[in-house]
Amino acid sequence: MGLIDKGRMPAPLTKLFNISRSYSLWVYQWGLACCAIEMGAAFASPRYDVMRLGVIPLPASPRQADFVCVSGTVTDKMAPAVKRLWEQMPEPKYAISMGSCANCGGPYWDSYSVTKGIDQIIPIDVYVPGCPPRPEALLEGIVLLQQRIKNEDMQAKWQGDPFTTLQATRAAERGELSAGDSTGETTHDISTDPQPIPERNRPEPIVVGGGPIE
Amino acid sequence: MAPLSDTDTTSGESDAPQALPGDGLREGIIDDLRQRIGDALIETHIVPNDDLTVRVSNESWAATGAALKAAGFTFFSWLSGIDWMPSPYGTGEEDPTAERDAIDMTIKQGVCGGDTRMQVLARLTDLNRHVGITLKADVDDENPVIDSWTGSFAGANWHERECHEMFGIGFNNHPDLRNMYLPGDFEGYPLRKDFPLLARMVKPWPGIVDVEPMPVQEEEDES
Amino acid sequence: MTMMSDRQQLSYIASQAADARLNVELETEGMTLNIGPQHPATHGTLRIIARLDGEQVIWAEPVAGYMHRGYEKLTEVRTFPQVTTLINRIDWLGSFANEVPFILAAEKLMEIEAPPRAQVIRTILFELSRIANVSLFLGDLGVQMGAVTPVFLAFRDREYVLNLIEGATGGRFHPNFDRIGGLKDDLPKGWIDETKQVMKKLIGFCDENENLLFGNEIFQSRMRGIGVIPADIAKEYGLSGANLRASGVDYDLRRDQDIALSYDLADWKVWTHPDGDSWARCWIRLQETRESCKIVLQLLDQIPAGPIMTKVPRIIKVPEGEAYVSTENPLGEMGYYVASKGGLGPFRVKIRSASFSNMSITPWVLKGVYVPDIVTILASLYFILGDIDR
C-alpha cells in the first residue's frame, strides 16, 4: 500500500476499501461464559444469521480475524490469554465486548477472581450491555461497528495518528478545519522503520443502546 | 456412648412418631457405622425421613469413608469444608466507610457441633436405598490437616484439591495437591471467613435490602 | 450394580491392555498436546494437556479454573433472594434448573412449601430448561464429529423453547423466576397451548436428530465402545445424570427422592443403557429429551388452580440450620448445601455441581485413548464450564 505510506490515499479508493472491509468482517469468537451461547445463537442460528450482515464467524485463528467478540466473564487466569490473542491479530483490528461481565464485571463485581472490565486489557470499540445481551443487541453492535469502519480514514489509522473520520481529514485538507494533523506530514515508512506500528489512538467506544458504561 | 440420635435440635419434629420407616433406616445406618468404626463416631443428627448428619473424629476420617463404602454408600457426591468463624467484615452490606458495631466473633458450629474453627464436610449416597449421609470432621486450627479419601473414592481427588485451595486444609496421602482454580500468584484462601473481598471494602453495596415486594404481599397491601 | 456388560468388559480390557503395552514397549519421546483454553471442542474455556505416545494418550489432565468466578464466596455476601440471580449463571444453558434446588433448600430451612400450582409450574419450567440445555448438546454433538447441520437444527428448535421461557418468566436466558415460597408470577394467557405445540415440535426434533446423527455410520463407529466407564468407577467418581445412567445405574433423583416437585403426576421412564460408552451417554440424553417433552405435555393438563406464592415475610430471614437439597439437573445431580445462621443471607453455600464431578473422571477415562477420541469423549461427558469452575 504505497499510496498510504506516501500519504496520498485518494478518497474514492479509501471509500471503496472501507466498504469492502466493513462487509467482509471475519470475527474471532472468544466465547467465555453465558454470553457465548447468545453469541452462538447470533452467529450460528438460522433465526439471527450474522452472515447476512457480511460477517463471517468462522476464522481458523486470530491471525485471520478482523475483529474479536469477547463474550463472557474474563477471569484473572484467562486475562493473559485474551491479551495474547489480541496481540496476534493483525491491524486493522476491532474488539466488541459483549455482556456485563466483559464490560465491567457484571454480577461478579466483588469477586476475587474476575477481571472487572476487559477494557483494562485490550481497547474496546463497541460495548454491548446486557446479562446476557440478546442476539439482536450483538447484531446492532456489529452494525454500529460497520458504520464506524465505513467512515474511517484508513490513512490516519495506518499511520497510527489519532482517529479521524474521512470527512474530517478532507475538510482539514481544504482548510475548513484547523486540526489537520493527519494529512500525511509524518509519513510512517514501515519498510525501514524497525518500530512496530504504534497502538492507534482509540476513538470513543460505541455503547449499544446509548448511555455511559458505569 | 453418644446418644443414638439427637432429635432435640428439631423440637417441632420430636413429637412426630419415631417409628417411621425412614427413621429406622437411618438409625440402622448409624448402628452399622458404629459397629464398623466404634468410638470414632462422635455425634449424629437425624431429620426424620429426610437427612442424616454424622460427625466423626479427625483421625478416623479415612476409615469412615472406607467403612461407609463397604456399607453400601458407593456414590461419592462431594467433599468440601466450612469455616464457622463469623466474618470479621460483616455481610458486606454496610457502608465500608461508616463506623461499625463490634461483630460477635464467637465461633458456633452447626448441626452435630464441633470443637474447631474449620470442619471438613462430605456427602455420600447409597444408590440402592436412596439415602444420603453428610459427614463432618474437625480439623485443627493451627495445623488444618486431615486424611485423604482418594484411597476409597478416586473422585475425591479434585474435591480435595478444591478444598485445599479454598480453605487451606491439607490432605494426607493426596497424590497431587495442586491449585486448581486460581492463578499461581494468588495469595490467601478465599473461602475462609477472614478473606476480604476488596471490591466491597472500597465501594458500598447499593442493594442493601431487597425491597422487591412479593406478589402475595402486594395483594394483602391492597386489601 | 457392579455387573459389567460384555461390551463394557471388552473395552475395559482393551484399555487396560493398551496401558500395559505402553509400559512394556520401548519408551519413545512423548509429545505434549495442549488443547485450549479456548478451543471449539472444549465448549468453553477448559484446557486439556495430553501427553502422547504416537497417537495414543498416555496421560491427560484438564486444567480448570479459567471460568472460576467465586460463587461460593459471593453467596456469603448476598441475601437469599439475591443469590438466585447469581446461581442462575452456573449452568447457563439450563438456568431455571439451577435455582430450584437452592430455593428448595431455603424452603426446607424455613419449613414452608410452595403451593401445588407453583410446584407444577416449577416442574414444567425445570423440564423446559432441561430441553433447552440438552437440545443444544444434541446439536453440538454433530459439530464435534464434523457435521455442521445438527447445530443449526438445534439452534432453530431451541429458540422456540427459549421463547416459552421468556414468555413465562420474562428472561430468555436467566429467568430468576423462582422465589422462596413460590414463583414470581403466574403463567401468561395462551402459554399452555403454545407449549403443547412446541413440545410436539421438539419431539420431532429428537426424531430428526436420531435419524440424522444417531443412525449415521460414522457417528456410531466413532462413539461405540469408546470411553467406556464401568458402573463402580462411575459411582466412585461421583458421575451423575445421564453419564451414570449410561453405565447401567438406574438412579434418577427426579424419581428416587421425595422432593417438592411434581414428577409423580406424570408417567415417564428413566432410561438406562448397559454399555457405558460415549454412544450410550449421548443416546440416554436423546431419550431424556423425549421424556422431558412427555412430562411437560402431561403436566400442562394437570396444573391445579390456586395461588402461586405461599405466605412469606417481606424480608426473608432463614432460620438457623443446615440443609442439603439436590435435584436431577440437565447435567446431573446438582445440590446446594446451605448453612444459615438466621441472617438475611446464607452463612455458607456449598454448590455441588454435576460437571465438576463428571469432569474429574477425565484423567482416568482419557488414558489410553486416541487423540480424535478425546473430542468425542469430552463431548459425550457433556460439561459446562460454569458448572465445573463455579
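Chains: A, B and C, in written order; residue numbering restarts at 1 for each.
One rule holds in what follows: a residue touches a chain if its C-beta (ideal position, glycine included) is under 8 Å from a C-beta of that chain, and two chains touch if they have at least 3 such contacts.
Because the structure is predicted, anything quoted here is derived from the model rather than measured.
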Task = Please list the single chain whose C-alpha centre lies closest to the global protein C-alpha centre.
result = C
Request  = Write down the chain pair with more C-beta contact pairs when A-B is set against B-C.
outcome  = B-C
Ask   = If you average the CA atoms of chain A and of chain C, how many Å lie between those two points?
value = 36
Message = Taking the mean of the CA coordinates per chain, how far is chain A from chain B in Å?
response = 47
Key: Separation of chain B from chain C, taking each centre as the mean of its C-alpha atoms, in whole Å   = 24
Remark   = Touching two or more other chains in chain B are residues 92, 181-182, 190, 195, 197, 200, 205
Task = Going through chain A residue by residue, note those that touch at least 2 other chains and give them in order.
result = 77, 110-113
Inquiry  = Residues touching two or more other chains, restricted to chain C: which are they?
reply    = 65, 68, 70, 73, 77
Inquiry  = Taking the touch rule as given, give the residues of chain C at its contact with chain B in the complex, in rising order.
reply    = 1, 64-65, 68, 70, 72-73, 76-77, 79, 81-82, 108, 111, 179, 181-182, 184-185, 232-233, 235-238, 249, 251, 256-258, 307-312, 314-316, 320-324, 326, 333, 335, 337, 339, 341, 343-345, 348, 350, 352, 356-357, 359-361, 364, 389
Task = Provide the residue numbers of chain A that touch chain C in the complex, in ascending order.
result = 30-34, 36-38, 40-41, 44-47, 73, 75, 77-78, 81, 85, 107-108, 110-114, 131-132, 134
Query = Which part of chain A faces chain B closely enough to touch in the complex?
reply = 76-77, 109-113, 116
Inquiry  = So in the complex, the part of chain B that touches chain C is made up of which residues?
reply    = 12, 49-51, 53, 74-78, 80, 82-83, 86-87, 91-93, 108, 110-111, 121, 123, 127-128, 130, 132, 134, 153-155, 157-159, 162, 166, 179-182, 190-191, 193, 195, 197, 200, 205, 207, 209-210, 212-217
Ask   = Quick one: in the complex, what on chain B touches chain A?
value = 92, 181-183, 186, 190, 195, 197-200, 205
